[in-house]
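Labels run A, B, C and D following the written order; every chain starts at residue 1.
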Amino acid sequence: MIDFRSDNTGRAAPQLIEALAAANDGTALGYGMDPLTAQLQERFAQLFETPVRVFPVPTGTAANALSLAAICPPFGAVYCSADAHINTSECNATGFFSGGAKMVPVTSEFGKVDPAALEAAIAGAGKGLAHKSQPAAVNLVQATDLGAVYGLDEVAAVAKVAHAHGLKVHMDGARFANAVARLGCTPAQASWKSGVDILSFGVTKNGGLLGDAIVVFAPDAAQQIGYHLRRAGLVWSKMRFASAQILAYVRDDLWLELARGANQAAASIAVLVRTLPGVTLVAPVEANELFIEMEPAALDALQGSGILFYRRGPRLGRFVCRWDTSAADIDALAGAIGRCANLKA
Amino acid sequence: MIDFRSDNTGRAAPQLIEALAAANDGTALGYGMDPLTAQLQERFAQLFETPVRVFPVPTGTAANALSLAAICPPFGAVYCSADAHINTSECNATGFFSGGAKMVPVTSEFGKVDPAALEAAIAGAGKGLAHKSQPAAVNLVQATDLGAVYGLDEVAAVAKVAHAHGLKVHMDGARFANAVARLGCTPAQASWKSGVDILSFGVTKNGGLLGDAIVVFAPDAAQQIGYHLRRAGLVWSKMRFASAQILAYVRDDLWLELARGANQAAASIAVLVRTLPGVTLVAPVEANELFIEMEPAALDALQGSGILFYRRGPRLGRFVCRWDTSAADIDALAGAIGRCANLKA
Amino acid sequence: MIDFRSDNTGRAAPQLIEALAAANDGTALGYGMDPLTAQLQERFAQLFETPVRVFPVPTGTAANALSLAAICPPFGAVYCSADAHINTSECNATGFFSGGAKMVPVTSEFGKVDPAALEAAIAGAGKGLAHKSQPAAVNLVQATDLGAVYGLDEVAAVAKVAHAHGLKVHMDGARFANAVARLGCTPAQASWKSGVDILSFGVTKNGGLLGDAIVVFAPDAAQQIGYHLRRAGLVWSKMRFASAQILAYVRDDLWLELARGANQAAASIAVLVRTLPGVTLVAPVEANELFIEMEPAALDALQGSGILFYRRGPRLGRFVCRWDTSAADIDALAGAIGRCANLKA
Amino acid sequence: MIDFRSDNTGRAAPQLIEALAAANDGTALGYGMDPLTAQLQERFAQLFETPVRVFPVPTGTAANALSLAAICPPFGAVYCSADAHINTSECNATGFFSGGAKMVPVTSEFGKVDPAALEAAIAGAGKGLAHKSQPAAVNLVQATDLGAVYGLDEVAAVAKVAHAHGLKVHMDGARFANAVARLGCTPAQASWKSGVDILSFGVTKNGGLLGDAIVVFAPDAAQQIGYHLRRAGLVWSKMRFASAQILAYVRDDLWLELARGANQAAASIAVLVRTLPGVTLVAPVEANELFIEMEPAALDALQGSGILFYRRGPRLGRFVCRWDTSAADIDALAGAIGRCANLKA
């Protein structure tokens, strides 16, 4: 079986497992007081060219929800794309962590928050009226949930609107590596230099195994995050094993190399199928995902052909490439799509 | 330096890391839909001799707080020892997960909940009066936070009181392995056969690295736990890497072997220091911890001698043995205690 | 000044104040254990022709949020109109009371939930998938936030979809009296006989002063509401003063008489302005509110003419009639609209 | 029957009801934007001799829990007497409003927090350690739950300890009037001049009917209280009816006159029973409550004699005087106690 179901169905990069194994040496203080976690702080300050606080956490949902809770009060509103993971796939996690904050979808294309729509939504939100969920935060998903990548100017345009109204900017970077690889920019440019205040730094989807991280650029927000993480059961006592993985992940640009592999696989498939009759790519293929519209019967046939992928509707399939997606996988998928695309129901 | 600071300053058992590495093969569905997690369910049903649901979670705090939230409503009371980890060391986690549930300490010795004190507390709690936090759950820590182990009859006596009043019983088994090893009983006897409804099954402190588990014996409580875990960001998408560790942990009784090592180290130290003048063991040494009272100057000197341990007060030190505590460590600690014990301030 | 701003800018019906004053006699047990509150239970059982539990509460927001929290788990979704008060005007109250439940707006006209849109939304919600907010409740506002009234068949159609999927139905009856008066049906027909499980029974907007009520038709949901109210600080210790008001409110159909007054005022205005050039009623005028579109300059002039009302946008004004809206008020408003409607900017 | 059960079994002062009725005139903006609520702000600034924010709320529990949530983070600890109402009688309300804050009882006599015990508790709390509930607030009940009154120096001593450690001070003034009447001081002296940051200003127990108030002296804490109240359904839309009551309550020192009546009744009873054999007053009678120990058979007989009061244990009865407790009531109670006190079981 050839598996394009999800980033999380895939393998971890061996380097992370080796680093985890190597961390199993001697004793070290718990709960992040160990040398590897200290090293992680320094390494991320270099990586992002600014002082940051980095908190390894078990999951991307934890990273997102806790980041948003740090910048949005219980009576606040979080603006996001309707397609955003926090809005569609996290089982009310942000509401839980924040004590009731509300997701407010704004018009978007390809999963990107539109600055003008954001401006209009905030302007009409009733800031200062106690009846109204108070505008507090914006959530950007980079790369987006439809496989597109915000340009740096696009991030900055959203952040400008947000900051002008006193909102903070959270980036859900579950696929931050894919975006940075695509943009060919620095991590700093892709985040705080474009106005991001707090970042969910994805690892799991890009060759990680059991952890992601929160990176805080807004010093105000970092003050109490340690307590919030602790009371949420999100602080590993043997933190060194988590920090070791993330250090390996960014060592020698491994993370970007992994992401480039996945991105290139997706791009290759896009080239092969884009012009096939009966095949429509519903969003730009700029990271590691393809969203392909075909006739229902064609998708049925594709599912029957040994290709694993998720159906997002009768006519819509999602295909996710990973760091180790092979040339054979690519050819197999493209070939199968070609064979199935023209089927009639 | 010789480290008796904590279970969590120690190494993981290599078998868990090997299992984790071995799980990095091929693709598998995420969020616990993978074959290893399915295998884990079956394995734990065998281990506990009854159908169970087992949920790997990142930390013991998550296991405790979510277990309690599953059996205690927001307006409920959780009875526990004043020394219980949930009461002293989890930064209000149970309050967070449950939406406000209250910890009610009851009189206890050596960290054990006393059945008569529990009976009195529940009887005076105002059950049915809306002003009052409603009795809902009891929390037992096994082994206790003072290093003692409940006998099976002691667990059963507490559970009997709890169940008679309609309360459910949660066991914080961060050191469940140490307790089972000490008691020489089956896991079933130590848990549901003695009246436990839901168990935090500790792994991290006993040779684990990045995960523990919730084991649910009360089918009612299991229904919604999956959603609660998901909205709390506690479900790893690459769950197989967590399940693989826990499978390795219980394979061929590894968990009990590791616990026996730690218990024996503590017992050996107890034998060596028990009769020293100026040394008092404040609780029975039945698991892997020793709580030793000495003159402040003696503890100061011990801290200066290259032995790492936590001070729990001017006259109280805690010493934690681990699965890999060596004979040399044992001798070094006992010798140092002997040298320091008679010092006067 | 002539005031059409809101229901809540108006006076209370004197009968409620007289009843409150009359309750100030002798002593009575607190927290709802008094005879008047017992009488209220019986009276509402008669009024609704079925056993109910009725809980007086301070505000409609408390009634809504607590009702929804009683039927929706923290990981649940509440389907509602985008215009619903819970979605637009309660500062995340439902999220607070429920521990994070999510509002999911479905397509609607005139503020009414559309059964087909509801069916589609539930069908696509991912029931049983832990990532997804789980469908749990539907919220209907009767009369709607745009001044329309659901027909009994319309309520039943929504409830049928909800119940078929295991969801419960909450009716926000802030203007329940206006709806019942309009429909000419019994309270039972307007509620549980049409499928409503729990009702926010509005009093404040229709001649009340400091209280509304929750009416529970679903016995399961009533079990724990007393505790939830108590922990939310929503149970008056001198409850008799609240119950007395509500008893007076429903005595001799006072509540319907008050509502008819308000409805008739709105209807009279509608007749007078409906055909004026430059005036558009954006929704049926079926209760006590009119939503009128006019040129911005016309609305500006109207605001300058001594008529008080709320602007809902450059071209949209909301005009609310109350039980004591006088014929003079009606004529003044209609006359002023007539004078202003044709103004050009 | 002669009723000494509770403050809340009694009548309201007619002046409050008259004021409420008088407020039913014309129209006024909702949600506290009305002239009476504005007047209330000014009046309380005069009363407390400093700028304050005053928020009428439905209940004392709402006032307490929301006040504490305003000064204590979810991961915080609230120090209080074990007898404090927030700890014994509010069904986890503070945990709900704060998102999980923990009550930490400290040693106390007669329900008063002891400054030295507070100092020790904070010193040992582990400030700055993420495992530990972080010290955030102190709760004083004035008069206490055992009928005693803190002297001004006692309040100041507690506040000094609190402020030295960065904690804020909340006073549960459900019986603030009784305390001020007893102390013969100004409201300012009894509150912010002694170090109180935020006050639950009781009305209901002292001749009120359906409301109390939060008074905020710490400007920082007031910023967001309006939103928190709104999302908790605690803001009446017809606020004028609440504000009118509180204005009447403090007009011409009515509140102190009412409290003096209740205090004097309690004092008179104390004088009459204090020296009776078989009668022990377990706490100073300084406000409107008496806690009397007698033989169980004596209390049984007293309950059978037509006197209504609450039993707080086999040997302990609580007797509450109200503003309208009559000389006949006083004599009846004292006489009955005298007759019953010497009975043997």
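FYI, a contact is a pair of C-beta atoms (placed from the backbone, for glycine too) under 8 Å apart; a residue touches a chain by one contact, two chains touch by 3 or more.
Per UniProt, the chains are A, B, C, D = Low specificity L-threonine aldolase.
Predicted model only: the values in this text are computed from it and were never measured.
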Which chains, if any, touch chain C and chain D both?
A, B
If you tally C-beta contacts across A-B and across A-D, the winner is A-B
Label of the chain whose CA centroid is most distant from the centroid of chain B:
C
Geometric centre distance via CA averages, chain D-chain B, whole Å:
41
Separation of the C-alpha centres, chain A versus chain B, in whole Å, is 34
Could you tell me the distance, in whole angstrom, between the mean C-alpha positions of chain A and chain D?
50
Per-residue multi-chain contacts in chain C, two or more chains
31, 74-75, 90-93, 95-96, 99-100, 130-131, 134, 227, 230-231, 235
Using the touch definition from the top, list the residues of chain A that touch chain B in their complex.
3, 5-12, 14, 17, 20-21, 24-31, 57-66, 90-93, 95-97, 204-205, 208-211, 227, 230-238, 241-242, 308
State the interface residues of chain C toward chain A in the complex, per the touch definition above.
74-76, 88-96, 98-103, 130-134
In their shared complex, chain C is touched by residues of chain B numbered 31, 73-75, 99-100, 130-131, 134, 224, 226-231, 235
